[in-house]
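We just call them A, B, C and D in the order they show up, numbering each chain from 1.
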Amino acid sequence: MADLTSIRDLPSLTGLHHRRNPLEENPFFRPSHGFYIAPSDVVLSQVVYDLSDASKPRVAYHRAGPRREILYEPSSVKAAIVTCGGLCPGMNTVIRELVVGLWELYGVREIYGIPAGYRGFYSMEAVELNPKLVHNWHKRGGTVLATSRGGFDLSKIVDAIQQTGYNQVYIIGGDGTMRGAVKIFDEVSRRKLKVGITGIPKTVDNDVGIIDRSFGFQTAVEMAQEAISAAHVEAESAVNGIGLVKLMGRSTGHIALHATLSSRDVDCCLIPENGFYLEGKGGLFEFLEQRLKDHGHAVLVVAEGAGQEIIPRNEAQKQERDESGNLVFLDVGVWLKSALKEWWEREHPRELFTVKYIDPTYMIRAVPANATDNLYCTLLAHSSIHGVMAGYTGFVSGPINGNYAYIPLGEVAQTKNEVNTSDPKWAWVRSVTNQPDFETNFKG
Amino acid sequence: MADLTSIRDLPSLTGLHHRRNPLEENPFFRPSHGFYIAPSDVVLSQVVYDLSDASKPRVAYHRAGPRREILYEPSSVKAAIVTCGGLCPGMNTVIRELVVGLWELYGVREIYGIPAGYRGFYSMEAVELNPKLVHNWHKRGGTVLATSRGGFDLSKIVDAIQQTGYNQVYIIGGDGTMRGAVKIFDEVSRRKLKVGITGIPKTVDNDVGIIDRSFGFQTAVEMAQEAISAAHVEAESAVNGIGLVKLMGRSTGHIALHATLSSRDVDCCLIPENGFYLEGKGGLFEFLEQRLKDHGHAVLVVAEGAGQEIIPRNEAQKQERDESGNLVFLDVGVWLKSALKEWWEREHPRELFTVKYIDPTYMIRAVPANATDNLYCTLLAHSSIHGVMAGYTGFVSGPINGNYAYIPLGEVAQTKNEVNTSDPKWAWVRSVTNQPDFETNFKG
Amino acid sequence: MADLTSIRDLPSLTGLHHRRNPLEENPFFRPSHGFYIAPSDVVLSQVVYDLSDASKPRVAYHRAGPRREILYEPSSVKAAIVTCGGLCPGMNTVIRELVVGLWELYGVREIYGIPAGYRGFYSMEAVELNPKLVHNWHKRGGTVLATSRGGFDLSKIVDAIQQTGYNQVYIIGGDGTMRGAVKIFDEVSRRKLKVGITGIPKTVDNDVGIIDRSFGFQTAVEMAQEAISAAHVEAESAVNGIGLVKLMGRSTGHIALHATLSSRDVDCCLIPENGFYLEGKGGLFEFLEQRLKDHGHAVLVVAEGAGQEIIPRNEAQKQERDESGNLVFLDVGVWLKSALKEWWEREHPRELFTVKYIDPTYMIRAVPANATDNLYCTLLAHSSIHGVMAGYTGFVSGPINGNYAYIPLGEVAQTKNEVNTSDPKWAWVRSVTNQPDFETNFKG
Amino acid sequence: MADLTSIRDLPSLTGLHHRRNPLEENPFFRPSHGFYIAPSDVVLSQVVYDLSDASKPRVAYHRAGPRREILYEPSSVKAAIVTCGGLCPGMNTVIRELVVGLWELYGVREIYGIPAGYRGFYSMEAVELNPKLVHNWHKRGGTVLATSRGGFDLSKIVDAIQQTGYNQVYIIGGDGTMRGAVKIFDEVSRRKLKVGITGIPKTVDNDVGIIDRSFGFQTAVEMAQEAISAAHVEAESAVNGIGLVKLMGRSTGHIALHATLSSRDVDCCLIPENGFYLEGKGGLFEFLEQRLKDHGHAVLVVAEGAGQEIIPRNEAQKQERDESGNLVFLDVGVWLKSALKEWWEREHPRELFTVKYIDPTYMIRAVPANATDNLYCTLLAHSSIHGVMAGYTGFVSGPINGNYAYIPLGEVAQTKNEVNTSDPKWAWVRSVTNQPDFETNFKG
């Protein structure tokens, strides 16, 4: 198998002195046989095979975990932690664990929080962090360091890193942030700085590729149940009642999909990966008409990125982009709500009809991580620390098939985890909701 | 004292045969001395006195509870229950307890649910209710009977009551619904029908006068904490972050006030009873400017009825009214959000600023009642039953100074429970938030 | 009426200089007409009357709230706050509001927390408190000051008060603590110290008399629902399944009663005020036998003080008392569980039977206060402050018929709020559960 | 790779007619390329490799999912579902999804629930199930079918299966139940019955081998946080306060371990896989002594199976076993609580000390599954259905490295998933708690 398997190599700092891992002396780690991860330990990216086609090349990633030797003298480490982009449950846990892990496991004593995202590197004062200060942060939603979008000024950021003397930088953020991290890594390499750069993908949408899932996602799916449940009650308590819930998911519908499958109250789930249309044969209105006739009410879940291509846009809306460079989304929930009302008014002017629209976005993303995500954030943070201390740089940690691995930063920044609508899971959604296959209908 | 005290008399059905309360034979009630409420038992409406001014006339209401004699033969009772208007936590508990109470305490066997509000009397089929069917309804939000606004057609409704032979009608709804109930009571009296009419005020806003509070209110205040908490996290995690939460309260700010006092994260609470303005000295913008400078973030709670007089309205908006005849409210949250953004853009074009707006209305009102409200709904329903069985009609049950009493329907329909801004509680809000007294500023 | 009404007078500090209330200058209080409470403002203790018997003497209490004149120079105040006894939701909110209220409303700057209950006065160092420190305490369960039982050494405590120079002492605790507070008040008076003493009754059991309810009680009833719900699931999922829940309530069954009425899953509720027995006609076993035959399962709620007189005690157990001098209770839950098992084993040796016993005590009392209780704690703390600043001493604040009043400490320490089993509420429990009236059966 | 990989073959029913999967005609499944799982599709059991040792043989399992051909005529299927053993969050979801999946996906119309575990096959009447009946079951804790321990009578069970004509049997239960399922499978094979037997491992302890985790586990870890949090509050609010929480885990400490890692309030976590001792150098008392000296309080989490070998047992206790044949466990929580009190009383007779012991077992296992577990139960149930319909028998479904696979029943029944105390996760617990390595100390 070895010859068929290509290992994704990681950049590493060079010219640094190798030294014994201080865990060696740590009474809690009692490093026994098999404790340290060897360079030859890998995690396979693909665990499902068709045995009849075994000649396909396979990809493996270096396994995450403590190495027998590290490249930093702990007392010389000066670490920076920054959070960028929107909120996501678990950010504070990741920060807390980076601080506690660096401090307790490796004896690092200089750890700084960069406030308010990338711009904080060059425009604000860093906050000194220690285990006592961060002790209860995992119980708080949001990010105590504060965050912002944009503010990415490459030379100012690298200048600041260089001038302040940070030699480890932990960057927590979404896909835009990860692309920025790649640039920082490149520039740091170009300047030949001995600075380890690692990214920790933060996307409540779960749209990062390669890794199993992103932190905060499970918490978000859990919280989304409350909104769906309320929409269901509103719909059931009305005559021809529609409960409409918009969930996060700009380019992928994972939260909408998982929330729909976890709940059983959803009649239709609309996601970016699966186009839909309103009018005519096989369209949404026809489907809802039938569902109201049969059940008297219906619940719709729509991912924020769904339907973007069919919402009417004026010229300005075709141009506008947010600070991270993303096209400003039109509010599919608000649009659907009024489209539904207009439709009914037109078709059934004398019949009762109610649409209750719920946008729980900020109530979902601002909660603290649940137990599952808290544990995940811990493992993520510790994996990152072990990798950086071992001298790896320009990488990301994350679970692949349930095992933590190190992945080149550039690879993560380029991939996208979309809902595969030919996967059984999507079929299950459709069997749960009995919703039409808009695409087939449309094309067919 | 007796001569100074005026008792609010209640209408009563006449010409019916008096009979022993069947509770007399109920092993669970074991009516002992003091169990039955006598006609001379009253609840004082005013419990706070200035002793130096003791000559003021006092008002008392008949105390709620079982009477020694009732006016209905249980087997002849045909009861109707209807829910009108918007959702409120506890509606299903009230329905459940009316059904269980009538059935278990008095042996009534014909109990019907009218679907979808007033219009259900004349346009839909009633649902037969029994204890087994309603057994778990108190664990569900909304109303299983369904509800709607409007649909009040007096003669059709009373015709339907007469034709179907309902002789007890329990009406659960808001102020508009209660005014309708008064009309039904008047018309039923005019037609000399032997039909007991009782109203159970349902207003999550807690804007009913005379009674201590309306059911569902405590649950709503509890749920509002989640939204305020999320807004606080969003505001804290941003640079110059504003968390804006709109809470229910069309003409009164009780939910906003109580939610603000229960939480400690609110910087400013805007309610209908206390005007505010944006620009200039002593205005909201000046206040927020200072708060952002001091703390870096701020949380605003606004009742939906606040600021209606200062939101710019076009001609259409000056006319439009909803089905219950209420002026259609403009969305103060959406308006404030954009007004805040424009203001900052104008004043600080180059500084970061974020407003996160949360409208948790449907997530609050659709939850099941909490334990406190569940118990309250039980007492309310049972009080209503005892009153109706005793022959009272045209009345409302509710707690006055903690004791359940019967109040003439017309009196309840006419009063309004507003936040008294010269009361210490309002002062406490202002001391909690340190917010300006906009009215004084403006007038001064 | 005045001549029939006796006002419960309050002790007051003497020989102090009267001065204007600093609220006069507080922009948030804008004291307008009717803001200050006059000495003649009272709250009636009885709001329910039998008008035919109007000659009964009535009792009134001084109304709580800010007075126009106070007796302390704020800069000379040195306040102490102490928490004694077991945990109760809301303790931290009371502490927080005492600190914030004294600081913000009256400008007091010397506020100390006494650690670990009464013994902290003379054996530990006090903690200086300020608004910033206590800012988030209302979100935490328990008491940050820590608490303990016992440790009441009168002369050591008063010596410490005298030596440290505390001139305001806020004592939060249960009935034993309140009796201690009376002794402290007496001794302080005997020594002619100018020290205001006030008690804030803390009893999750809600067993304090005169006041409407004690703080934390509503939160406890809410949390108890979870345990009852779990017991119900366990019982339903078994064959002849019994779910048994023990709830707090040493001498009164308020939590058990309210939790039973709020839930609808309870088949039998046992409280201290209503004796019960196991064997024979009309006993618990007979009742359960029937219930299992009818429904296949049953849920029992038992207050911790119920059945103490029928649990077999050995000699040691007849003597043992806890630190507060209370008789050590035998665990009625553990005893019932084994009694039930023995009974079934004896009567139905070959049939399946399961008892699942849940004791949620510490999971209930350790939670933070819910919104209702948080607001209540705020009003309680602020009422206490206003009373002490006005020079009252040896008193307790609390709501009477919904209005805050001042009650002599001795009166509160002597009364007990028991469940009145001839009240309709108890009858309602029995109609909800269909449980037997053990006492009648036994006596009859 | 193929030659090094051994595939775990599955038993299959024989002599049945192959037919097209009815999903072929199901509009929701629109089976496209890659939809069906081929017999050559496998899931690797090991995803982590040491590349330098690539010659090790590998194990693979057949991938779960729909097959192109099935062996049952849907109208001839008569399916039985049974739940055995203790409660676990998600049981009702699994039942619901088996019913809905068989009905909606394959058109099966005869589905029966066996009440009260194995004994229900031969001693009770089965309940007919359909999608409408089970519609809301996933929102309820426990098992609506009811469950019991023991009652395994092989010949009676197989006789009943044969006589009733069940040809698909879905068995949900723990390790004892799975061993029973193996026997049923063997006996059914011996009798040459055409009955598909599948097991769905239910163990809140997560002690099943091979699969990633068992359903309900994540919910249990989440709920355990509440108990730990309460214990922490109790400990913090006392002087020398110990909060002691017993969590589920008879032979494995997964819940205790995960709950400890998710929370950050635990000072010491005791699990069955890691022996501990109380007295002397390196023992628990020494550790707690120090922790109380340093922090004033401590939180202990103990898995129910921990310390069984050091709790003193009398002769009877050495013999007693439960209905499933498991040794009756002594209550480690009750024992530890009293051992701690005795120790302190002995060592520090005059110092305050408090142990608050919480056993949240029934409050944890009786809750409904959270969103993550609900989704997992759905996938599990659907995987099982696809396997049985395809003719596999004597197997179990479950995720291996995140992908659903079919595993021979016997293999699952024989393996045990223990906490690997030489794994970094265990080291992380110890770094979180700073607890001693009792085993090393003891041996060393």
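What we mean here is this: a residue touches a chain if its C-beta (ideal position, glycine included) is under 8 Å from a C-beta of that chain, and two chains touch if they have at least 3 such contacts.
These are the chains along with the protein names UniProt gives them: A, B, C, D = ATP-dependent 6-phosphofructokinase.
Note that this is a predicted model, so its numbers are computed, not measured.
Q: If you average the Cα atoms per chain, which one ends up farthest from chain D?
A: Of all the other chains, the one whose centre lies farthest from chain D is B.
Q: Over half of interface residue numbers shared between chain A and chain B means same, under half means different, so which is it?
A: Same residues, largely: of all residue numbers at this interface, over half are found in both copies.
Q: Distance between chain A and chain D based on Cα centroids, please, to the nearest Å.
A: About 29 Å, centre to centre.
Q: Between chain A and chain B, what is the separation of their C-alpha centroids in Å?
A: Centre separation, chain A to chain B: 42 Å.
Q: Would you kindly tell me how far, in whole Å, the mean C-alpha position of chain C lies from that of chain A?
A: 47
Q: Which residues of chain B are in contact with two or more other chains?
A: none
Q: Can you give me every chain pair that touches, using the contact definition above?
A: Chain pairs that touch: A-B, A-D, B-C, C-D.
Q: Considering the complex alone, what residue numbers of chain D touch chain A?
A: 1-2, 4-5, 7, 26-30, 32-35, 38, 40-44, 47-54, 60, 63, 65-66, 96, 104-105, 135-136, 138, 212, 218, 221-222, 224-225, 258-259, 261-264, 370-372, 374-375, 378, 382, 400-403, 422, 424, 427-428, 430-431, 434, 437, 440
Q: Could you list, by residue number, the parts of chain D that touch chain C in their complex?
A: Against chain C, the touching part of chain D is residues 87, 115-116, 140-144, 146-148, 226-227, 229-231, 233-234, 236-239, 352, 356-360, 362-363, 366-367.
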